[in-house]
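Input: structures, listed below.
In what comes next, chain A is part of two complexes: it sits with chain B in the first one and with chain C in the second one.
Let's turn to the complex of A and B:
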């Protein structure tokens, strides 16, 4: 008895966490058997078992792979482009007053505007399909990354800049040796936000501006009252979001080995 | 003999945003011989650190110029290196990578800079800590890294900006003794800024006492104590006389409100 108890104590967090998930699924599965749902809801109700079956079907038929590939590409290309633009731009805006003064009104205005208002225009310009979604992802991810990079550069340690300059560093070496590493916690926090925005961009772009991808799959299924598929898509997005969050956490751990304590950026 | 470092009258005024201009240095003049250990003491805010930054090449004076070895100072240079007050170590770099900073910026390859960095790490007594990050070190150890890093480019002049001010008293005594040993062995010219009269008297050949802001030289006191100087010397009557002399020179400059 004591042995079980000590084992429980050791893994309490996991047992409680996973236990509650299992309990939740079980309760969900049993709901239609235990209570009479109102007619409107019962029509669009499904249970974990049916969702799992449907998801399995979609995986084996290759349907998931196809749409997942599209959504994944949009995500990777859009986020990649935003990183390529935001990092250098944030660095120079933080270092050079003139550039900052020039770009700041644009950044402020675009960042204050909900990215969705660009969607109609983007669809007109880039057509119905993957590229308009890529652009929405790009616009969504760009600003949190840009603003955080800029803030990081602005908050660079003055003493360290002087130290490195005193050893004869030029502006490029200064960026590489002090400014960039010093901004890293800010950039990672920005990346975390950017990933959230990028996934949101994939969903919204595919809901309204595409004919393929997991988001499109969900929108189409919902239009045809196929609730299982809607849930399957939802689970896919949930999965991606979780994986990406953990990936950033890993990256953060790797980049902050030199820190006395883990800085919680969330 | 020509002094190794010399300046014409240096004047430097800061103009902070929305504040009145502050004249940090006014007609400050200095001459240093090669291999000499000179300290600057003065009241807080008298421009001691400002002057070090001018000499380091990070600040440009409004008037006057400085020469080192007959060459005008226009920016940072390899013949000068600074040991910073709050250590100024790059927290994301290991001890080794911090010490290698100067040679790395000069474009030296790892193969050529590593043995010398290791030698300096050994010299300051940090053997075995090469892979540690600054946050894993004590204050004294951090400043040892700071010292090794400054020595890594093999400068002629070591500028030290209250390097031991952040250390506890015992570590401080220890570091002073070790600094003297290293200075004796490597024959550097040292310009040492400090608040501590005792520190200045113990380490230096000459002590420059500065006036309150705007800072200029009030008096230069020669320390005629034999070297090598041991801890016992600090308890001798001669040493106390020197301390008293510096104190008497300095005390009128101190602002009682500080």
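Let's turn to the complex of A and C:
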């Protein structure tokens, strides 16, 4: 008995964590058996078992593969574009005071505003389809990356900059040797935020401005009250977002291992 | 950096204000003199100005903001009332944190916005559906930030208060609350953005009034001047809240400015 207890103590965190999830799913599964749901609710009620079945069905029948491919492409293109724009712009903004002061109101405004606000306009400009979603993903991911790159560059140690300059480095070499490596942890933290926003961008972009992709699949199902598909899509997105976040966290740990203290960013 | 008699702050402000003004002027100029103006594709600041007058004088803007604001306030208040105590308990009781953390993290990671159509079908297009949606989106930043805030409390401070004969009450009001508050304000900043998303998604889906509905309606009617004004209003609201909360964060906990930047 004591042995079990000590084993429990060791793994308490995981046991409690998984235990709660299992308990929650069980309670959800049993709800319709235990209480009589009101008619309005019963129509839209589904249980984890049905959702899992549906998800399995969607994956094995290949129904989801095409939409997944579309959503994935939108994510990759949008995020890639935002990295291409944000890194150089952030570096420049961090190095030149005037430029930074001029861009600041725009960056603050666009960063504070949910991307969704621009969706009707984006659909008007880029049409109904993949490109609208790509633009929404791009706008969403751009600002966390831009702001973090800029903060990273601004916080570079002045002493290091002066030393490298004294040895005759030009602006380009300065970037390569001092500025970029020093801002890396900030940039990676920005990337983590950007990934979250990009995934959200894929969902809302496809919800309102597309006719393909996993988000569209969910929107269509929701419109027809096929609740299983909505939750199956939700789980799919949840899985992707957890995997991506963990991957970036790993990258973050690896890149900042040489750093004495953890760099915190918002 | 200083320029003559001007302080750094005013230089920064002037540069920023100049850039914004310049942006609108260039926009107006380009569409008036350089490019042919297509009113079904883009609008001009002068037309936006007219639209602003129209929306304000007809009272439509205030009505829409009021309609959208009500569920926002309810949902946000509910998120505060539920989120903060839950986060504090998670921070204070280790086992509660073990049990709830993975579950809530998974929920936080999933795009709950996607549940909007279901919630609206279940709870109606009125205040109720939107309030629940806003609550669902806004509650997580409060939970996780209160959680992180309580966990960041310096145990040394707790021991000191205990050694000097402080009561449980003193512990809460003198140690835990002051170190948790800045985290909660930071959480509120994130929650505001998510709350606005909630309003807009709810109104995109099904609504006959409200600022989100106005945005989509003017877009469908190709009244781009009015549409841009709605976008600008939402941006201004978001900026006011975000900047205001950032200021509050700095005012509450000036010592944290270095570390969070």
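Quick note on the criterion: the second predicted complex is superposed on the first by the 247 of 266 C-alpha atoms of A that agree within 3 Å, B and C clash if a C-alpha of one lies under 4 Å from a C-alpha of the other, contacts with A are read in each partner's own complex, and residues count from 1 in each chain.
To be clear about the criterion, a residue touches a chain if its C-beta (ideal position, glycine included) is under 8 Å from a C-beta of that chain, and two chains touch if they have at least 3 such contacts.
Keep in mind the model is a prediction, meaning the values are calculated, not measured.
Visitor: A:6 in the overlay: touching chain B, chain C, both, or neither? Say first, second, both or neither.
Guide: After superposing on A, A:6 lies clear of both chain B and chain C.
Visitor: Does chain B (first) or chain C (second) touch A:173, or do both, or does neither?
Guide: After superposition on chain A, A:173 lies in contact with chain B alone.
Visitor: Thinking of the overlay built on chain A, is A:162 touched by chain B (first), by chain C (second), by both, or by neither?
Guide: first
Visitor: Under the stated touch criterion, name the partner, chain B or chain C, that contacts more residues in chain A.
Guide: With both complexes superposed on chain A, more residues of chain A are touched by C.
Visitor: Using the superposition on chain A described above, determine whether A:181 touches chain B (first), chain C (second), both, or neither.
Guide: Once the two structures are laid over each other on A, A:181 reaches chain B alone.
Visitor: Show which residues of chain A both chain B and chain C reach, each in its own complex.
Guide: Shared contact residues on chain A: none.
Visitor: Okay, in this complex, where on chain A does chain B touch?
Guide: Within the complex, chain A touches chain B at residues 159-160, 162-169, 173, 177-178, 181, 184, 257-260.
Visitor: Note which residues of chain B are touching chain A in the complex, please.
Guide: 53, 56-58, 75-78, 80-82, 84, 86, 88, 90-93, 101-102, 105-106, 133-135, 153
Visitor: In the complex formed with chain C, which residues of chain A make contact?
Guide: Those residues of chain A that touch chain C are 12-13, 16-21, 24, 40-41, 44, 97-98, 101-106, 108-110, 112-114, 116-121, 123-125, 151, 155, 196, 199-200, 203-204, 207-208, 215, 218-219, 222-223, 225, 227, 230, 233-235, 237-238, 241-242, 245, 264, 266.
Visitor: In the complex of these two chains, what residues of chain C are touching chain A?
Guide: Against chain A, chain C makes touches at 1, 11-12, 15-20, 23, 41, 95, 98-103, 105-106, 109-118, 121-122, 186, 193-194, 196-197, 200-201, 204, 215-216, 219, 224, 227-228, 231, 234-235, 238-239, 241-243, 259-261.
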